[in-house]
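Structures for review follow.
The two complexes that follow have chain A in common; it is paired with chain B in the first and with chain C in the second.
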Partner chain A sequence: MKETFFRTLSWLHTWAGLLVCWVLLLIFFAGSLSYFRHEISLWAEPELHRGAFQDYQANQVVSQLDKGQDYIESHSPAEAQRWLINFPTQRNPMLNFAWQLPPEKGQRRGKIEQHTALADGSDMITHVRDSRGGDFFYRLHFDLHYMPAITARYIVGVCTMFMLIALISGIVIHKRIFKDLFSFRQNKGARSWLDAHNVSSVIALPYHLMITYTGLITLMLIYIPWTVTTAYPEDNQAFSKELNPARQTEKASGISAQQVRLSQLLPQVQVQWGDAPIKQVMVSNPKDQNSQVTFYQNTGKDVTDESTLLVFSGVTGELKYASPHEVSGAVVTYDTMMSLHTARFAAPLLRILFFFCGLLGCAMVATGTLMWAIRLRQKQQKTIEKGEKVGLGLRLVEGLNFMFILGLPLGAVAFCYANRLLPADFATRSAWEVHSFFIALCAMGIWAFIGRSRRHWQVALMLIGALYCALPILNAFTSPSHFIDNIQSQQWALVGFDVFAALFGGAMLFASTKLSVMVKTLQKPNRKNVASDKKVIPKSLDTRYATKLATSSPLEEVKS
Partner chain B sequence: MSQIPTSNSPISATTVRPLSGYVQAAIRWIKQERTQFGLQVFVRASAALLAGYVAAATLACLLTQVLPMPRFESTLTANMLAFLFYAIAIIYAFCVRKTWHAWRDLTLFSLLCFALLKVCGQ
Partner chain C sequence: MMPAFIPVLGILGLSYLSLALFALAKFGHFKDVFKRPPSQWQSRLLTLFAWLLLIISLSTCAHGQGWTYGSILFMGIISLAAMLVILTLSYSPRHLPVGIVTSSVLTGTLLLSGGIQ
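For the complex of A and B:
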C-alpha cells in the first residue's frame, strides 16, 4: 500500500478507526452502561424502591416456592407458556413471581408479567411502570434500534472487525508504547489529543483487545456459520443441542396433567447442590404432559458463562438433566470468553473497573476522532484563512463528533428523565423513553448544524452536566426513597446510580469551565501573539483555536 | 474498428470525436495519481473484506475437520480462531507489495483450503 509496512499500518489505523468511529462510540457507550443493566432497570422502576428489598434466606425457600406456585396458578392466565420464580440475588434483591405470555404476532418472545413480593410477605406489588430500563442499553449494544436485529448484528460485527484491525495496527505503529503511558503533554493542541488517545488506549489495552475479540465470539455463529455446516452436514440442530444441552425444551403436548409441587423437588436439588443458593425456578409448559421444571443455581463469581442447572419433569418430578461438572477445554474457553465479555461473574468493584475501562474505550474513540478533525482543519487552515469555505468532509466530521460525543450522554440522561416524567400509565411509555434517547441524539445533530465552535461545546457540556447533576434530585422527587433513605436501607445500587450521575455531571461541568477558560485565554493574549505573527485572525472561534495548534502533524511525528 | 478510419463523412465524425474524447479523458483520469491510489484502495479493501472473509472461513472449516478433537470441540475452536485469521488476512491484503496479489493470494489460499477440505472430508 504505502512504502513501508509501518506506514501502511499507520494509514490502515487511521481509516479503519475513522470509518466506523461513531457507531463504535455508540456501541462502547451502550456496552459500558450494560454492565449496570440490572441496576439501571431497578432505578427505572421506582415502585419497587420501598418495602420490596430482601436477602436470600435458605430456610424460607420452601415456603416461598409454595407461595409462588399458588400465586402464579391463581393469577396467571391458562395460556401462560412459562412460570418463573426469581429468588433474591445480590444484584436483584427481590422475590418475583412472573409468567410469560405466548408471543403476539410478529414478536419473537412473549411478554413477561412480573409481580414482586413485599419483604414482609404481606402483599404483592402488581403495578410497575412499563420501562425497558437497562435492557434498552443492553439491546442497543448489539441490536441497535429501528432496524431488524439481524441486520444490526451484521453492522455491529463489521464495525467490531474494523475495531480489531484498528487495535492491531495501532499497537504496531506505536513504537514507544511504554514511554507514552507516562507522557501527557497538556495544552499542546493536537499533541495533547494524541497523548490522550494514547493514554486511554494503552492503559486499558488488554481490556480493549479482550472486549473486541470476545465481542466477535459472542455472535460468532451468526458471522461465520460455515464451520457448523461443514462439521454437521446433516443437521445444525445437533450442534446447538451440544452447545446448550439443557435448552431443548420439549413442545407442549396439549394433554393436560397435574403439575408437581415445586417444593417437593427441593430434596433432590439439595442432594445435587447442597446448600448452594437458587437463583431461579422456571416451569415451562405448565400443567402439560411435557412440562419441565428447571432450577438455576446462583453461581455468583465463577468465571464461566454456562449456568449450573437441574431439569426435572414437571409431572413426575424425575430428574432429567444435570449440568455436567466436567466439560471439555474448548467449551470452557468459549464460556470464559463469553463471560469475560458480559462480566456476569464480576463483583461490584470489578464491575466498576470494567465500566471504567469501557468509558476509557469511549474516550479512545472520541479522542481519536477529535484528533482527526483537528488535523483536517490544520490541513485546510491556509485555504480557510484566504476566506474560502470549510470543506464538506471537515464539516461532516466536526458535526458528527459534536452529535455523537455530546448526544450519547444527553440521550442517556433524556432516557432517565423520560422514565420519571412520562405518566406511569401512559400506554406507549416504554417506547417513548427509547424515542427520547434518539430525539436527544438528533437534537445534538441539529445543534451541530447551527454551530460547533468551542463556545457551543462549552454550553452543551454545561447543559448536559447540569442535567446529570440534577438526576439525584429528580430521583428524590419521583421515587419513594431518596439518596439518604437508600443509604440507610443499604441499597447500594440506587446510591451508586446517584453518585455516578453526580460525578459524571460534575466532570462535564468541569470540562465546560475548563473550555471557557481556554476560550478566554485564546481570545485575549493569543490575539496579540497571532497578530504579531502577521496572520489574519479569523472571526469564528473554532478556526481561532486551530491556529494555536502545533504545525507538525502528530501522526507524522509517530511515524518518524 | 473498421469504421473509425472512415471519418471523412460528416456523420461519423461527429459521433466518433466525442467518443474518443471520452476514452482519452477516461485514460487521463485513470493515469492520475489520485485515481490510481483510489483504485488501489478499492481493490485492496474489497480483497480484504471479501476474499479475506472467504479465506478465513474456509480455513476455519478445514480446521473443523483436521483438528484432533471431537467434532463439537473442533467446531468451537475453529470458529473462535476464525476472526484471528480474518484479521491477519485483512492486514495481509493491505501490506502485500503488488495490489492485485491481494486478490490472487487470498483466492489461492481459499482454493487450497477448500481442496484440502474436500480431501479430508471423505
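For the complex of A and C:
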C-alpha cells in the first residue's frame, strides 16, 4: 500500500509539474520581475531620469496641491473624467499631475495623460516615450498576451492549480527534506540535478507555497464566481459596494459646479491622519455636482493591500467616507493574502529577498524540466546508440527547454533594447517593445529546431550574457544620467537595474565559458547528440552552482 | 539614520550561524568539514544551539521590524542564509568554520554596537 501510495504521488508530481512547466516558468519569471514593476517602468522612461527626482516633503504639500490643481485645470480638456496628483513615494520619487480622458470606443479605461514636475519646480516634463515598462511583465504573469485576459486567467489558474498539486505531492515524495536540506552533490550527473531541484524547492518552500496559493486566491472570484452570484443574484455591483464602499464613484450629473480647493481639505485630512504621508489625491468628475475628492495614504510597510483613504465631496468639501471601515475576519484574511502575493508593502531589502525567492522558483521549474529531459534520454539511450532517431517527445521537451529557459531572459533583454532603440515618437512603439519580447522567445524556439546541443547552449548563453552586460552601457548612451550620475544622485532603483543586469549577464557568461571548457573535454563524436543536460538555472541564482552542474556527466543513473 | 541593511545583515549572520550548526549536526556534513564523524552528544548539542540561534534570530527580526513584517522578512533571510550554507558546504566544506566565525564576529559586533535592537 505504502509503496503504491508513494509511486502514485511520484507519478502525480511528475505529470502535474511537467505538463504545465513552461507556462509556469513564464509566470514565475514575469512574476519575479513584477516585484520591480515600478523600477522597470522608471528605467523605461529615461526622460524622467534627470531633474525630476524628489522626496516627499510634508511642508510642501499645500503648495504642491495648489500648483497641481491650477496646472491640471489649465491644461486638461473639459471632458477629463479624473484629475490625479501623485506625491513622491519611496518607489516613485516624483511629483506627477495627471488627468484621465473618457474611454474611447471599445476601451474599458480612458487614457491617462501624465506630466511630471521638475524637482526645482521650474518646469514640467510633458513628453515621455510611450512604454508599458514593468506593467508589461506584471500583466504578462496573469494575463499572458495575444489573447483575451479572461482566457489567459483561466489558463494561468489551471497551471497554478497544477503547481500547487506538484508542490504538495513533492513534499510528500521527498522523504528526506530535513536530512538532505543542505545536500548538494556536484558533478554527479542526474543526481546533481535532482539535488538542485530539491534545494531550490526546499529552501524557499514557504515562499513557493505562499505564492502559489495566494496566486489562486487573487483571482478566486473568477475561478469560483458562484458564491457571489448566489448571494447577489441581481447585481454584481452590490457585492463590490458592500465589500468596499469607497470604490464606488458616482456618475457625473452633468450639472457644473465650483470645484473645492484641494488644499482647503488638508486640515480635515490632518485631523484624521496626523502627519502620515499622502500618496495620491484623486478628483473624480471634476467641476461637476457629483465631484468627489479622494486622498490616499502612503501606508508604507503595513502588510495590507487595501488603500487607506478619505473621500470628500468635491463641491462642499464635506467628509463623506473614511477608511478603514469595519471589516470582517474574512476580508482581513483575503487582504493579507493579497498583500503577501503582491508585496506592495516590501521595502527594498525585503523586495530583493522576494525576488530571490522568485528566482529560486524559476530554478525549481527549470531544473525539473531539465531532469525530465535527462531521464527521457536515459530511457532512450539504447535505441539512440543503435543509431535510431531520437523520439519526438524527447526532441519536443529538449526544444521547449531550450526555448523557454534561454528565451525568457533573452526576451526580457530584447524588451529593454527595444525600449531604448525604437524612436521615441514611433506611433506603436509600446506594442513593438512587447512584440520584441515574443520575437526573441520565438527566435530561441527556432534556434532549438536547428540544434540543442551543449555547443548551442554555450553560444546562446554567451549571446544573452553579453546583451545583459551591455545594458548599463546602453543606458549610459540613451538616458540623460549614467551609472555614476545615478550613484551621485542616489537613485538606487536605476543603479540597482544596472548592477543586476551586469551580475546576471556575468553569470550567463561564466556559465557559457564553463560549458565551453566542457565541450572541449567532451569532444567525442557520439556525444554530439547529447543535449540539454547542461547549465541552466535561468537567473543568477548562482553561477558556480549552475555551471558545476553543467560539468556533470549527463547519463548517470538517478539513485533515489 | 542607520541604513536599513545593517540590522538585516546581523539577522542574516545569525541565521547563517544557526543553519551552519544544523548542517554540522548531520553526520555527512560534519565529516566533510572535520574529517571525522560527530559523536552523538556533539550532534545533539549542535542541534540544540542551532534551534536556540534560530529562535533568537526570528525574535530579533520580529523585535526590530514588528511581528508581521519581521516574520515575512525572516522567511526571506533564512532562504538566503540556507543558500549560503549550501554553497559553502558544496564548494568548500572546509571553510564552513570560517563562515561560522565570520558571521559570529559580524553579528556580535552589530549587537554590541547597537546595530540590532
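In the analysis below, the second predicted complex is superposed on the first by the 512 of 560 C-alpha atoms of A that agree within 3 Å, B and C clash if a C-alpha of one lies under 4 Å from a C-alpha of the other, contacts with A are read in each partner's own complex, and residues count from 1 in each chain.
Basically, contacts are C-beta pairs under 8 Å (C-beta built on N, C-alpha and C of every residue); 3 or more make two chains touch, one makes a residue touch a chain.
Model, not experiment: these values are computed from the prediction.
Visitor: Check whether A:T333 is in contact with chain B, with chain C, with both or with neither, and answer first, second, both or neither.
Guide: Touch partner of A:T333: chain B, not chain C.
Visitor: Taking the superposition on A as described, I'd like to know which of chain B and chain C A:C357 touches: first, second, both or neither.
Guide: A:C357 sits against chain C, while chain B stays out of touch.
Visitor: Once the structures are superposed on A, label A:I165 by its partner contacts, choosing first (chain B), second (chain C), both or neither.
Guide: After superposition on chain A, A:I165 lies in contact with chain B alone.
Visitor: Classify the contacts of A:L209 with the two partner chains as first (chain B alone), second (chain C alone), both, or neither.
Guide: neither
Visitor: Using the superposition on chain A described above, determine whether A:F239 touches chain B (first), chain C (second), both, or neither.
Guide: Once the two structures are laid over each other on A, A:F239 reaches chain B alone.
Visitor: Looking at A:L101 after the superposition, I want to know if it touches chain B, chain C, both of them or none. Which is it: first, second, both, neither?
Guide: Neither partner.
Visitor: What is the contact status of A:A347 with respect to chain B (first) and chain C (second): first, second, both, or neither?
Guide: Only chain C is touched by A:A347; chain B is not.
Visitor: Residue by residue on chain A, keep only those touching chain B in one complex and chain C in the other, then list them.
Guide: Overlap of chain B and chain C footprints on chain A: empty.
Visitor: Note which residues of chain C are touching chain A in the complex, please.
Guide: Per the stated touch rule, the residues are 4-5, 8, 19, 22-23, 26, 28-29, 65, 68-69, 72-73, 75-77, 79-80, 82-83, 85-87, 89-91.
Visitor: Can you name the residues of chain A that touch chain B in the complex?
Guide: Chain A residues touching chain B: 1, 5, 8-9, 12, 161, 164-165, 168-169, 213, 216-217, 220-221, 223-224, 226-228, 230-232, 239, 242-243, 328-331, 333-334, 337.
Visitor: Flag every residue of chain A that touches chain C in the complex, lowest number first.
Guide: 179, 181-186, 199, 203-204, 206-207, 301, 303, 340, 345-350, 353-354, 356-357, 360, 542, 544-545, 548
Visitor: Quick one: in the complex, what on chain B touches chain A?
Guide: So the residues of chain B touching chain A come out as 40-41, 44, 56-58, 60-61, 63-65, 69-80, 82-84, 86-87, 90-91, 94-95, 117, 121.
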